[in-house]
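The structure's right below; bear with me while I get my questions together.
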Amino acid sequence: MIHVITHIERTPKELIDQFRGIGTATVHEASGRKGAVDCAIKPISRGVRLCGPAFTVQCHPEDNLMLHKAIERARPGDILVASVQGYYEAGYWGGLMATSAVARKIGGLAIDGSIRDSAEIIKMGFPIFCRGFCIRGTTKTVLGLINHPILFGGVLVHPGDLILGDDDGMVVVGRMECEEVLEASIKRIEAEKTKAEKLRAGISGVELNQLEKVFKFLGLVED
Amino acid sequence: MIHVITHIERTPKELIDQFRGIGTATVHEASGRKGAVDCAIKPISRGVRLCGPAFTVQCHPEDNLMLHKAIERARPGDILVASVQGYYEAGYWGGLMATSAVARKIGGLAIDGSIRDSAEIIKMGFPIFCRGFCIRGTTKTVLGLINHPILFGGVLVHPGDLILGDDDGMVVVGRMECEEVLEASIKRIEAEKTKAEKLRAGISGVELNQLEKVFKFLGLVED
Amino acid sequence: MIHVITHIERTPKELIDQFRGIGTATVHEASGRKGAVDCAIKPISRGVRLCGPAFTVQCHPEDNLMLHKAIERARPGDILVASVQGYYEAGYWGGLMATSAVARKIGGLAIDGSIRDSAEIIKMGFPIFCRGFCIRGTTKTVLGLINHPILFGGVLVHPGDLILGDDDGMVVVGRMECEEVLEASIKRIEAEKTKAEKLRAGISGVELNQLEKVFKFLGLVED
Amino acid sequence: MIHVITHIERTPKELIDQFRGIGTATVHEASGRKGAVDCAIKPISRGVRLCGPAFTVQCHPEDNLMLHKAIERARPGDILVASVQGYYEAGYWGGLMATSAVARKIGGLAIDGSIRDSAEIIKMGFPIFCRGFCIRGTTKTVLGLINHPILFGGVLVHPGDLILGDDDGMVVVGRMECEEVLEASIKRIEAEKTKAEKLRAGISGVELNQLEKVFKFLGLVED
Amino acid sequence: MIHVITHIERTPKELIDQFRGIGTATVHEASGRKGAVDCAIKPISRGVRLCGPAFTVQCHPEDNLMLHKAIERARPGDILVASVQGYYEAGYWGGLMATSAVARKIGGLAIDGSIRDSAEIIKMGFPIFCRGFCIRGTTKTVLGLINHPILFGGVLVHPGDLILGDDDGMVVVGRMECEEVLEASIKRIEAEKTKAEKLRAGISGVELNQLEKVFKFLGLVED
Amino acid sequence: MIHVITHIERTPKELIDQFRGIGTATVHEASGRKGAVDCAIKPISRGVRLCGPAFTVQCHPEDNLMLHKAIERARPGDILVASVQGYYEAGYWGGLMATSAVARKIGGLAIDGSIRDSAEIIKMGFPIFCRGFCIRGTTKTVLGLINHPILFGGVLVHPGDLILGDDDGMVVVGRMECEEVLEASIKRIEAEKTKAEKLRAGISGVELNQLEKVFKFLGLVED
């Protein structure tokens, strides 16, 4: 069995860059409502964002050995996406690892567990999405997998998929669907601008979304 | 069955305005310790406050159809109070709905579920209390109820009741009890000022609250 | 049975002062990975810190009688460490108690439950670690214990132990181990500075931690 | 304030007796889907059932004082319905209390917390619905309320309401609605018998419930 | 989009029959530790077992429309595997549906939510794995998917995969891997018999598993 | 550091035997309400009991290496008390280990995690208290501790302490306190027999416990 796969296909950088600044909710809708990660995985501080290709890591519970290998093998811009198999209360990542990741221009970390040294990392500006903070350390003694598909916050993530995170949460877009989703996202943004203007002008959402038909079909009774 | 009731009695505006700036903990105590909403329902950002009459909405799990109807029917200043029957992980409310609510001068939203587009909504200044953020959208296909009494965060809310929210949480005051509760709140604030001065001067809380009697009755032993 | 013990041995002030500014994760590692408190107990606002000797309080669920006694008996600099036996959703501590604690120069509060009047207390600058905010009040009618050993967030705390809290969480250091842990912490900080420089220079964590030996022993296969 | 109300209106015995043997799910449907209690409150052993008028008790967390008063004041056949305000991990009820309740012919206990001496109580045949078993005792020192309306497992229960429990869970029927609900339940049982026969004969539920119309309206596509 | 796929490849019956009686833990180990379903999904009563090909169903939260379609389309022996997207507290399945499923010789139901009429269904002998019991009904108004791959209790299930359940829990085996896993399971059972004999004879598990080497490498110190 | 301590003082067998048959709730009360283990740790099947001296084991999350060592070192009658540091969803113990434990006459297992092969183990009659069942296996690669004091379900357990478990839960009695607790338990049982007779004769618990004084002091008002 090959534990570490290093040659992966990534969503192209030009495509990724066009996702920066687009909201996760918009991209989720544009994806046909796929790829929404469990809401409990949040940015370490308001305004922190993730945007880059997934570099997946499967750790053993309370062990961060594979994260060290991942930092060594990831490319600039990659987002480490680490599953820790449901053992959340350990600090799998800390200040030194963030220092190294910044030095190697890694794009960020999304982890289904806790991290520590949060104040220092926020100051450093290294973007992290995680379940929380925990000072308990981990062992470095059990093997895991790198760049195998993983389940992350209820979503199946393949290496190279687009990872997008903002204050609302995280969304994963399949590598081959990025182009289509980008297009749909841009259209959606345009449509929402028009809708927002109409709503600002006082038109109701019921009118705008033609919900009266729905209410009628369902037999709504108003007093 | 009438799904949507639009003619409701509201706590009078003059009364409501006098509650602005009073803390929820004070009002809760002044109410005889009634009406405290489940602590997990929090402001979307520190400092956000709610103060207005309840406009209640009962949604089906993962469906926000009735919220659209509610925006259309609510009056300026109303607080939409929406129960979603225990299915929290969906974004029942987003940027466009907030845009419309602001245009219609709705006073805010309290929802027993999640919302999305949080950054945009915080910027807009539209006040929301919710369980969290979630990018997953909802359907718009199932009927619910408007301005029927609802259970919200463990409290029975009637339309027109006073809704008050601050950093500590939310409290609901029955419409007919608002006057009495306001009076008791003001008295309590006065009393607390006097107490605070005494405590600042070094008198202990045990003295101030005459707890020595209690300790004696209970048989406290100190070394 | 003696409920309230007032004569306790405290970690010496000179020692405590040297812990200020050291991170909890560092101290936890320097302690041999002991004393980490449950991650759900957090500072009331980013940047709030605790550093002082434990003054332990055992309250009955939904009753804060013993906290009033504790404020009266604690010495300047003491950290009240209060267990509430698993009943979290009550505001065991509020603005008036904080006012009194500030007047008496108490060093802070760590409580395994909720508090209220959070905005006022943050403004006051009184440091608190707690599970959350809750406007529900408590009774003042049931006895508890002061300065008996308590279980706090999964850690056995003896009166006088060092309590340290920062954005990452809380750690408890046994009174007799503080000197040794301080020394180990300082060494660790030095070592981490050297490591950080190397990592910044591009050396990988795998190299720095000599993990290749571990990977080899475990039979890692890379493509 | 009156803590203990003893003169309450109860659902008539003749009516109650007709509910024995009817399933909770049926009654819940016949009630217009109202009154379903939180599923975590279960019978202490398979097959245990509750059927009787509610005698409501509001206890303080970790205190069972009012349950003793309730045993003294309840009438034969009454179901004690006790809320303990969210503090579940205490044994509010044990073998001696069950012995007394049996002696006084009390109909059963529904409690939103834990109990102890479960083996002995099951042997005795006294029916209990609870959240679980816990050996920790309680205090007997704080007042509560008897026969005030209470929130129980998410349902507002008035004294005298019908309480029905079986392996599926619990349902509460308003005292004034019992007659109507009984009738609707019996009709439903008849209808279900007919339906069951058709289903046994091989007719599908889609046919039986005329769901093809729904599928058509919703635009179902089958391969 | 095609909602309902009816033509699926199933694990062959001859293969399935050989899995009957093999324990889930054994099969899970023989699969290379893949396919274990979330432990909270349990048999409705001790001793209930599932063994058959998956017929997957994706329901909307609190809606069981697609289950009716599934009963109509499934073949004898199929196990309905239904995801309800995280809304557990509703009775998605009841006595009438079980009656119909029995009439159509469906092999069982695995559902990531609750069911009702449990006593009646246990008596009927229709095997179900679920999260619990709940008397609350559902709507029949929202479309879902049939025989698309689904996430079920943390496992990706494809239609036709082998579903196996016993008192310990559930495991899913990929259709194409069943033959290999069966072989490995049988070998494992043989090996375990030999091991059990040795253990019964007094040989320790440390010896049997040659763990002394591991302890030595890890530097175990015994007094 | 010594990982495995084998020479421990045990509660004497004669003393232990006298605890068999006494209920955990009684012993807990007789201990001054100390030693109650978290209620979520339950017998694997109704009627299973534990009674013996603690042989403590500290495992790494998702690793059962030390349990194998423990089976080898424990004496007949010992109860293995194993903490797994909060990672519950793994089967740390199975049929082969139970076979070996039975062969070596080990008294039982109390584990703060899950086990597997439950049906087989129940048939074998080996008594286990655990959080649940899980088919996922563990590694055997990380060291832990044997017969060091451990936190188990919220209780500090020292090797040799008395472990008692029944349908209500588990209680731990300090080795040096067993004699005193046994005596108090027997007295309590006698007293309860007398009380039960009085209650059966119709005397109320209020009378029996002289609660009228309490109600009077607290100012109870009855209608």
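Descriptive notes on the structure:
Order of writing sets the chain letters: A, B, C, D, E and F. Residues in each chain are counted from 1.
Following the convention adopted for this analysis, contacts are C-beta pairs under 8 Å (C-beta built on N, C-alpha and C of every residue); 3 or more make two chains touch, one makes a residue touch a chain.
Just so you know, these numbers come straight off a predicted model, no measurement behind them.
Looking at subunit B and subunit D, the chains in contact with each of them are C, E. Chains that count as touching both subunit A and subunit F, per the definition above, are C, E. Repeated interface, listed pairs D-F, B-D or C-D, reference A-F: C-D, with more than half of the contact pairs matching by residue number.
In a homomeric contact, the two copies may use the same or different surfaces; for subunit D and subunit F, under half of the interface residue numbers are shared, pointing to different surfaces.
Note: centroid distance subunit C to subunit E, computed from Cα atoms, is 44 Å. Work out the mean CA point of subunit A and of subunit B, and you get 32 Å between them.
Residues of subunit E in contact with two or more other chains: 89, 141-142. Annotation, chain-chain contacts: A-B, A-C, A-E, A-F, B-C, B-D, B-E, C-D, C-F, D-E, D-F, E-F (touch as defined at the top). Chain contact summary for the complex, subunit C toward subunit B: residues 1-7, 45, 65, 68-69, 71-72, 89, 91, 94-97, 99-100, 102-104, 114, 116-120, 132-137, 140-143. Within the complex formed with subunit A, the residues of subunit F that make contact are 60-62, 85-87, 89, 139, 141-142.
By the touch criterion given at the top, residues 151, 154, 156 of subunit E touch subunit A in their complex. The part of subunit C that touches subunit A in the complex is made up of residues 23-25, 28-29, 33, 36, 38-39, 42, 46-47, 166-171, 192, 195-196, 199-202, 204-206, 209, 211, 214-215, 218-223.
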